[in-house]
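Every chain is named by a letter (A, B, C, D, E and F) in the order it is written, and numbering of its residues begins at 1.
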């Protein structure tokens, strides 16, 4: 069956068009000057460092929009682990079109693969056979959230709520405005679609007790000491999912997971993944 | 006078609308449930680590589009260096609107400030009184190029060509297709607007000699050993600008600059800047 | 506190622009011919039949986009019940602009109020003090889902999942493809964000038992006889929410609710609400 | 020859994209979890009640945009009358893509067919061999006017002016502002393209006389008693088209038509058509 | 009363945004480098040759979108005749913003005024007191039709049908396909909204007779010799409007008008108007 | 090799969609009424006067978007000189689709060919074997700049900077604000990307001397008498490119070129090119 939920092409087609127009302007004047339109070639995209591949559909779409004469052949799938030097895909067709699309295609795949790779690192830090999830946050690049959430899935992570409509997440300000955890959860329950869980952030063991009593579906432990997590998990006793969030480092992951929490949400897998090195080289 | 070329609001207004719609969906159900529409508040955006501020206009635009009743007051300007704890700006008005815009505003300003901060680090690594520029590349986030180029300027860097139409940059494939550096430069000269300079990438001292002889305006030294740079600069002798590119680390910057090159272009200031920590906290 | 979650203006601004351009074309030639641009007037939007008002923000936006000189004053709020003849709002300013926006404004408010009114009828059919919700479905008008879901909330109803990403709803085809209810729920659990509940449609008491055992958060009873509902609810015994769907008539609502189900989802509150009669008349 | 003027694909392509993005979000997580991408199937769209089919091009476009591997085969044409149980079209290809597009496709075709069906009911109420037209109004769903006008044509109805630019329609406010029917018509004549007819709404026999004398091309009788229509038609004596509008019920149609009027315009064929029952079922 | 039907701002707002983005890119680097953001100034737009002014709303919109601090004051109205040297409007505010918007504003107003001016020349060539109209055609610049039709009105001309939906115009191919004028007109009558007139192009006196007999509302005489026009007009005898089209020169206008035709449609008033000289100069 | 830099399809696809929607509205009612959908035909686009062909890709795109069954075959290439009567391209397929796209296709190709033709006239006025370029300006039609710049290239001309971001052009206001030519050039140098040349407009021989001394890459001589140009060129002595601009007539071109200037920029090749006569006729 499917390994990850892929993104429908309709969700990124306009994005690719905009990215191409951003980079091409009204045409690549260097390539037009130097490369004969009839000239063809074959180029390979290879990993230049170990990485989790992500974004092959974007590469395909970039070249499809530029020139239907370019053929993109994938050697590997999104989510695959590539060693340095391994080939991810091949791009063959008019040389000018390949040169014109190269940068945009790489800009997508380098960033998405970086997120998948960083997510995989966090997932790999989990103890084996543990059911704890690594999840993303809303700290994504504006306009690229769907792509970045997909990259997280390719890295073995899970997604948090998609946006502010998709689920309830009660934070300190909401609690303060409602006069307490119980009231906030009750109000949220009244408004939320019955298909959404109610997550409540708690800052202390007392708030945790109240949140559970008020029927929170998920409790998000905010800045709890790692040492106190087992006690918190024991207190919840399966009545809610337990999520831990806030400045999660790779080192903390096994500790937090060992405490039995259900979800560790990590902003840095999207906001600080940077770029991995994938290059396009012409095949001789 | 102006410190940097700012971006016209018209160039990012639609981007902010799209980012807000991406995050808000059809409404923030948690805030709607818990926060009274009449309730007001004041929140402060502060640096939580030392950073170069960038993106205040985006913060302003986010809240302007959400609710004209929110007032954004900037304490500091884009390009300013902030210490951890310093306040960048204040957001005051309806509490619900502030909560609804918080994440999008931070997503912009954290990324843009990270680019400005990383650029500043490279600029600071230049020897004092040297005229070498740190420049960006086309390795920017799709759809955010204008913002990221601006962030580079805020960090004290300079921009490279905006897109494939804006200037000529002859690379190895172009040279190969034209049968040599001279022919490529001549062809490019014929096509390029007279307002654009011709940059030619060279891979050896021989190609450098040819490129200068063919009248390149800028020569881009590709993977030259640092030790050979002074000789290359001497060979050019002011007849063209000298640009160095490729895997530039902070450590190499003073060495390269000391060789007398004009431009060091650094992909990582945009593609690997990640995010700096700026937080929005409610003022008591 | 807030009665309903309102829609952010950013979510319907472009929609109103498109609607105005659709109706105005390149200008209202009749009004331009006949009405002096300096002429002003005051018009009132009144209910011509009993209805639940919905869409006042759209009316405001229509006139704001057309002419900032038009002032819209709301006498009543979205969600209010109006008797025939009651005034909902007043529009004052340049007569030409009022005439130009009239039809678009009414097209929005008549449809949204119809949905709110129809929803209210279903909500009113619930026994008093019962906790059963009336919920909408994805059977909304293309491009108007956010507005129609809002109208449902104004009528006292609740929303179902916003779209196919927001939550899991396992239907017969999914069950068949997975080889059974248990396997489908397990697969869904693996993929779904932890913030989303898992709803599973069941077609028989046996499937219901399996779904509960497999840990469904919500069970949707598909075409169950009303008479069998109490037994189904008893069987679930609070381990999941119980939703009933499919050809729900006003008459069935109290029967279904009395069985103790949690949610009744009704496609017709959006797809067959039609239009209620609200008219714009000039005040003498 | 053609039975009705079809809509060019270019006029609804972007609409379908927007509708798909509205419903799919960043992907159908249930289908992705449960349905293997390689699995194929065949589903049939059948009428579940008697109806006039409309919107097959939209169904085709929905699946074309989602997945070019889905083949839509139409058994019947737009405008055809289907009995309950008759098959309208077949959709074959990847099962996941069919499930992902099902709701959007049905949302279009159920609404458009409802309008065609309701229009047909009004057309069928006309006496045989009469030349009276049933026409729509501008009371259409925002953004869907082109589709709804097409549905009216499929039901055997005719379209009124497309928008406020396409033709002149003088109403009471225009008359009042111009100081009378004659002046309003004259002003309108001066401004209108010579390709547009001038319609003037009249509220009394006196105004009708004036409008005819002033050269109106069409007179719209507003709230005239049915009994007085023959006299009005006789008075016009073929010098203008006679249109009747306002709260037209099916029962009044034969009476009004018998009076010899040319056009009966009916808002409810678009604004209150609701939805007809067409379902997609998997073929065994 | 109004002299011409103006275009609603909503119809050109997005156009101005696109035009500004086209010209500004990600910012005017020259102005940013040289002009202090605090510096203010006042500039005047003056005619540098005699012209009919058109496009002041576009100038206003350009600067409004760029900088709400720029104030545009119109000395003259659209449709006014200006002598060389006369001031059309004044633009005051931040000097940088004025420089940034100058070219886009002038590009609009120079083209629109050229169309108005050329139209006025044709209108002025009509004999005094004649009722013949000068009308435009669909030979307009792609995407600027609404603006160009407005410019025609400002020059004293009239508009033809707005687009292919707005009215019927039967040409030779349509006639051939239908097997003759009569059949084509009858088919067209069946399909056309009752608010639209039917225009039929005729190529001979025989076709003219047939078209009139078939009830054409407008007959368009295609390439009729000027000398034969009086006979054609006499033959029509007021039963239809008479339109003359095809390679209309200024010299032919009085001759054609004297024949008593109703409409002369002239492609060149839009497609060959070019640009008139209006300049922006800084006021000392 | 390539004769001119062509525009990527991605840069004009949305433009063609918008142009088609502008002209088609919700459908060509005349063609729908009169032309059978099954009917096919073949039409030819021929020059009706001598012209330089430009815009064949736009014609292809228009028909591709309308109906993939229409086949466009180009007999000649963009940039070719056609005599009156020569065939440019053939359009074959469904007759209705050809009629529906005819006007939009011609509107593009007639304008673009007019620009190419006018540009060729200026280029042809240059002395043989001279290296002087004819260049365009930013005086292009809003939203069509990329197409018009391409047409200039097809006519043998060159492009100036694409927009305000692409290069520096210092004008009188910039000089005044900076307190002189030297300061303006220095400031510009600091801000400009190193890939862009610095052009400085000069109004006198003195300013020219200063600009050269300050290191301008291009000097634009503003309103210099033709007689003084040789002296100016001699003074520059190859240290910068010399551009002449302002009210350039065909007659002045050989004189200016003979003075040895590098670039003559001509606004009228875009803003006053009008339209050339290319017609679509049905092949028997």
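General remarks:
Definition applied: contacts are C-beta pairs under 8 Å (C-beta built on N, C-alpha and C of every residue); 3 or more make two chains touch, one makes a residue touch a chain.
Here the structure is a predicted model, which means the values were calculated and not measured.
At the interface between subunit E and subunit F, over half of the residue numbers appear on both sides, which makes the contact a same-residue one.
Chain geometry summary: the mean Cα position of subunit B and that of subunit D are 52 Å apart.
Centroids built from CA atoms put subunit B at 23 Å from subunit A. Note: centroid distance subunit B to subunit F, computed from Cα atoms, is 32 Å.
In terms of their C-alpha centroids, the spacing between subunit A and subunit F amounts to 44 Å.
Under the contact definition stated at the top, the residues of subunit A that touch 2 or more other chains are 1, 5, 24-29, 32-33, 36, 100, 145, 162, 165-167, 169, 187, 191, 193, 196.
Taken as a graph of touching chains, this assembly fits none of the simple shapes: it is neither a line, a ring, a star nor a complete graph.
Pairs of chains in mutual contact: A-B, A-C, A-D, A-F, B-C, B-E, B-F, C-D, C-E, D-E, D-F, E-F.
Subunit F makes touch with subunit A in their complex at residues 1-2, 4-11, 13-14, 145-146, 149-150, 162. Subunit D makes touch with subunit C in their complex at residues 15, 18-19, 22-36, 39, 95, 99-100, 103-104, 106-108, 110-111, 138-145, 162-171, 173-175, 177-178, 184, 187-188, 190-193, 196, 267-268, 271-275, 282.
Those residues of subunit B that touch subunit F in the complex are listed here as 1, 5, 133, 135, 158-162, 165-167, 169, 187, 191, 193-197, 199, 217-218, 241, 243, 262-263. In the complex of the two chains, the subunit A residues touching subunit F come out as 17, 20-21, 24-29, 32-33, 36-37, 65-66, 100.
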